[in-house]
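Two complexes follow with chain A in common, the first pairing it with chain B and the second with chain C.
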Partner chain A sequence: MSTQVHANLTEEQVREISGDLDEPDWLLETRLEALAALEDLEMPDVIRTPGRDWTNLHELDFESLVDPLNAAEDKDQVGPEEAEVLSWADAVQEHEDLLQDHFGSIVDPQENYLTALSTALFSTGTVIYVPEGVDAEDVTVRTEQNSRSLFNYTLVVTEESSSVTILERQSTGEEAEEQYYSGIVEVAAGENSYVQYGSLQNLSEEAYNFTLKRGVADTYATIDWIEGNLGTQLTKTEVSTELRGDSSETQIVGAFYGHNDQHFDLDAKVWHRAEHTTADLVTRGVTDDVARSVYEGVQDVGSDAWDTSSYQRENTLMLSDESEADASPKLIINNHDTEASHSATVGQIDQEDLFYMTSRGVDPRAARNMLVEGFFVPVLAEIDVDELREDLENLIGTRLRERE
Partner chain B sequence: MARLELSNLHAEVAEGDEQILEGVDLEVQSGEIHALMGPNGSGKSTTAKVIAGHPAYEVTEGEVLLHLEDDEFGEDIEIDEDQRTWNLLDLEPNERAALGIFLGFQYPAEIEGVTMTNFLRTALNAKIEEREELFEDEDDEDEAEEDDEGFENSPMEGPADEGEVGVAEFQGILQEKMEQLEMDEKFAQRYLNAGFSGGEKKQNEVLQAAILEPSVAVLDEIDSGLDIDRLQDVSEGINALRDEQGTGILQITHYQRILDYVEPDHVHVMLDGQIAKSGGPELAEKLEDKGYDWVREDVYGTA
Partner chain C sequence: MSSDQDHLKETDTEARFEFKKEENSAVRSGKGLTEEVIRMISEDKDEPDWMLERRLRALEQYHNMPMPSDWPGMPDLSELDVEEIIPYIRPDVDKREGVDDWTELPDEIQDTFDKLGIPEAEKNALSGVGAQYESEVVYQNMQEQWEEKGVIFCNMDEAVREHPELVKEHFMTTCVPPSDNKFAALHGAVWSGGSFVYVPEDVTVEMPVQAYFRMNSEGMGQFEHTLIIAEEGSEVHYIEGCSAPKYGTHNLHSGGVEVFVGEDAHVQYSTVQNWSKNTFNLNTKRAICEENGTMEWVSGSMGSKVTMLYPCTILKGRGSTDTHITIALAGEGQDIDTGAKVYHNAPETSSTIESKSISKDGGRTNYRGLVHIADGAENASTAVECDALMFDNESTSDTMPYMEIEESKVDVAHEATVGKIGDEDIFYLQSRGLDDDDAKKMIVAGFIEPITEELPIEYAVELNRLIELEMEGSLG
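On to the complex of A and B.
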């Protein structure tokens, strides 16, 4: 495909970003290579059926969206003393070795056009390092975007037998007609460590969002993702885990609520690449007005993945006749020693349920809201981080009550 | 006192033109127990659903009226003379509930993620609030509007809209009613009917009626699928509705069995969308012996 970006993107800009952050040469090189690769790279995969791409990323006008030298944000990066929670600039100074080991090792900078763009241009980020045996709770990263475009990078490294709970939020401060947020998250979960990564995306409804979060779990490690999507005009995300070590586990819990003309394209993926691994993928979402959701879930069981357990469920509730929801749960099994299930449903509010409630005196609007909130309960119940669960509940409740 | 009056009620399925009710005439008064019997497909359940306002049915002729006396809802609600007769067909299901209509479902909905307690308290408060609106004087209306203009609490500050019956008060009511029905406390925190056994669902329907205190309760096959112990519990609950709250009961059933425990004052037999025969409790016994063909023969002169 032809790319729109490089007409206004130059090596000088990338050198300036890297220079401002005082980055070593190898990082600058990685960025420049990503920039050079843009020309040949494709957009991330989207589901295609004859005559239709389920999400059309090509229509995005990157030339006007991307403004690499004017990134502005308001950021909090807070964590307990035992763990290191560093801004990207600080991490470059203090932990170059860590970056050298892990940066770009989980998400290939040149995996697709948007990862390369993000790698070339990111100007902010967070590095979370949890030393061996340390339990770090309540790491919070809050990003408020105040510029036309913002490219963000996050690295999480947990050493053996450590644990961390991270809560990340994105919102918009100064709104513009069109904004672009791009985030790449890499998680390297060391042996017998536990990472819980919760994310709540509530950007402006004018914004576009591309996010790729991926973790690699070592032996006995667990990576649990929670992914809440409420904001943006268009979101394309992937949340994924490679279960590389024996007995590693992952859970991907997702909740979304699209209204107006929002479009969510959400991927949840797991690669079983070792023995005795377990994965549980659970997503629930609502579409209203003319919103559209596209969900793709992939459970990929490799030939060496003996004794695999892998489960996937996705349910979408459409609140309007004009909203659309598509789901594609995929199961690829190359090892017969696997217990797996996958399912997806798309439906509307059950009229008999509604009548049951209204016949008891509840007005139709309140009854519908109770049914929708009840629909989210199974995913909310999977969220261990109270603050995130409560925020999600409130945002869903508020959005529901805004309805006619 | 309240009186539900169905007259010449005709109804069909909203999507399609299959006529199901062919002129039903029936009256149920507070404190009375009526049994509505009849073979499958005779229109019993449709009658129940039409009374409650199920959107799948369209009334093509006739009326469903609810007559109230001035003290029906106690001292707090004043019922003016021109507000004593309501045409239920003009009202939404929740408005009918506010006026005291209750439908006990043959197949209660299973609702995930909504606890019994939350649902019932919401329903009780909604009913109280809706009732106030329905009987509001025009003078009061202006006052109410003024009230609505400002928030006493900021909406961000939590439960400003807790409703008439607060959480603690409601817990007390619920607990008392559950004890009366010998229901396990744990039901209160379970999701509404989700994973309940058939018997538990029916018991839960009676519990809801006990809490919502209807003027007239239509119970659609509340006895089906109950073992004898549960049948007795449910029957006691129904009798208590009548004896303690003065609720009028329209009990739809196939079987004489429950009528041994909930003794009807009147028995009606429905055939082909009409009440074919009415009588006292002896009619139910006769039916048990002779079957519906006997009624058909008796009424139409043909079996």
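On to the complex of A and C.
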């Protein structure tokens, strides 16, 4: 075990967090087990090639980052009446059965060191419950972090033939020198239900971020993820779907823009575990200055996943000489009745395109910005929520215009 | 399966590859890896001290290195017990450097290579031939015209004695040092046999030179070392073939290949690997390319129980080029984990990787590849294409590419597809009067055609036939 266990993390703290939320004993137990497991757990997997670790999580000084009892945030949790959008504390009171069924069933609290840390210490969260047949639009969750560390948990449960569109945003209010945001999202999509989960991470560039979002799709269910990453100095994320029911589908759409010394380690994964399932993974990103992006995509087709369709594309545009873009799109195929493909490209702005535009009188800077904005279009076009698409466009545009 | 195909199978696989000969060795080392074994090998070869020292240093590195274990999805090496492998068997032949007349060989060895078709190929299509039996090269010959131009093609043991300066400088120093990986260290300790090829400036060796490696004895390891030095403006095509009969215990093949591609030089390295299915095939192959040099790897992996092989090219000089063409076929009980590694360390370098894999009857293929573009390698370009074909649901086909891009002025593209043999394709061919087997064979032949067309015709035919034979075991 190479990760240190914090001398300043105690059972008492965990009991205090759980007690303040008035949690039942089984939840406290789960938290305490996660705390006890820290000692033996490893950091999340990162890609290693000869002589290189693509992301080094061991250098992080969690000791000084984690401050479990002083979490502070500003949060909005809004949704339409037909669906229930509850804070964690309310959900504990009103929906204990639901939590008992789903909490920790999709993301194992002890999957790795950071999930266990998050499970032991989370003090805030959102539970979204969509009853059978209900179409819930515009659920928005906004989190503004105002403390050194913040541990957040989200659970989405959709019953049969329901649908929900969720937009989640994370930003930083009071900035500190170094901050740590940790989030776990579990989505249980019932039969024939539809979940679109959009997320826009725009934390301070001093922050560290670990998020794991994972969904399980039942028969005929669809889970679509949209993942925008702009903030933090170091982000490690996984967005993943297990296609457990026949004819279930998923789409994972990602956009990122790293500049300065930002480091994004982004994983997109899908497990095909039933028949007639479809997955489409599309990620586009830009690296600038000395930023570095690391992308791992996994399409895993199990031996029972007959008639699978699985596609993956990743494109990175490098705006500066000193930035770095690493990518590893993986295929693991155990059923031959599969149509799968993946592709990845890395390149810079096409000089001919640039020349064409400048020859038409567009100044080089504006031409470049237009081309970068155009590069994101195929990803932005996949986003159904106007608000999320516009926010993302604006943030990208602003960042581009700040540039020389 | 029709009866004429049975006949084909009988004569080809059994007679051509599977036959066994009585072991008739002059010297045979003990099992395992001890300093004593290493000293014995070196002494038996009457090697200079510097080579013995290199061997002992490599042995120490071998013992200090852990077995690779943390690779995602790596093949199972737990059945491989290096301590049980016999690293050195010198066949009982009169002349140590290898004869240049097949008839001078002991009958059983001559018969072996006759069956493999090597003397026949030599007459028709090759500039030179080396043939290794167990741990030593037993036959070595090259046409006189190339000797006159200063081309050297000899066995590696002889090169250590005859060309010590070249060997000292290039042998497991900058290209594949023993510290590279555990099996390179093992190789450095016990290597024996292999080829040394030296092509002087501006010489083009028009017909390929070939080396054939045959393991005959049970439980042995073959560790041949191939060193190719192509000077400025020269050109050479080297072909290696390998096979062994199948035994109940495991054999180990851990070869080392080092290629130095000079300025404007062009080297093609082709391999048709058909080790028996009890062989662990763990090789390290690497080329270093100077300015405007071209390296081409063509690899067909049909045999072995486990193969872990990632031929590597370091594009060191501006404008150098690499091409990888690999084809892997994994049947029952086989795990073929192969791919390519390319380091773009200079501007204007380009690489193309084309991989085709076929898995059937529970076999597993994996493309594992790394493309690294270093900071400053402006205008580097790379294109990677992997296609996989699966026959049945017991088989596995994985693709694990890694791309590390530190330079922005680049053009990087990776693509992969996986598909099954289409029922529609088969139906179409059947409606044209082909039976199911032939239809599948034809589809496979079409699938790998982009690769076979890169090979000299004799080898393309050989590869196609090998694949047909492999296919027959499973179909019908």
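Odds and ends about this structure:
Here is the rule we use: the second predicted complex is superposed on the first by the 403 of 404 C-alpha atoms of A that agree within 3 Å, B and C clash if a C-alpha of one lies under 4 Å from a C-alpha of the other, contacts with A are read in each partner's own complex, and residues count from 1 in each chain.
The working rule: a contact is a pair of C-beta atoms (placed from the backbone, for glycine too) under 8 Å apart; a residue touches a chain by one contact, two chains touch by 3 or more.
Keep in mind that this is a model prediction, so the values were computed, not measured.
Aligning the shared chain A places chain B and chain C next to each other free of steric conflict.
Contacts of A:D289 after superposition on the shared chain: neither chain B nor chain C is touched.
Once the two complexes are laid over each other on the shared chain, residue contacts for A:D353 go to chain B alone; chain C is not touched. Contacts of A:F375 after superposition: chain B is touched, whereas chain C is not reached.
A simple residue count on chain A separates chain B from chain C, and the partner touching more is C. Of the two partner chains placed by superposition, A:E160 touches none, neither chain B nor chain C. Judged by the touch definition given at the top, the superposed model places A:E206 against neither chain B nor chain C. When both complexes are overlaid on chain A, the residue A:P364 reaches chain B alone and has no touch with chain C. The least CA distance from chain B to chain C in the superposed model is 12 Å. For chain C in complex with chain A, the residues that touch the partner chain are 70, 72-73, 370, 372, 375, 388, 390-420.
Chain contact summary for the complex, chain A toward chain B: residues 350-353, 355-364, 366-367, 370-371, 373-378. Looking at the complex, you find that chain A touches chain C at residues 47-50, 52, 54, 303, 316, 318-348. By the touch rule above, chain B contacts chain A in their complex via residues 52-56, 92-94, 96-98, 102-103, 105, 108-109, 111-114, 118-120, 122-124, 126-127, 130, 191, 208, 212.
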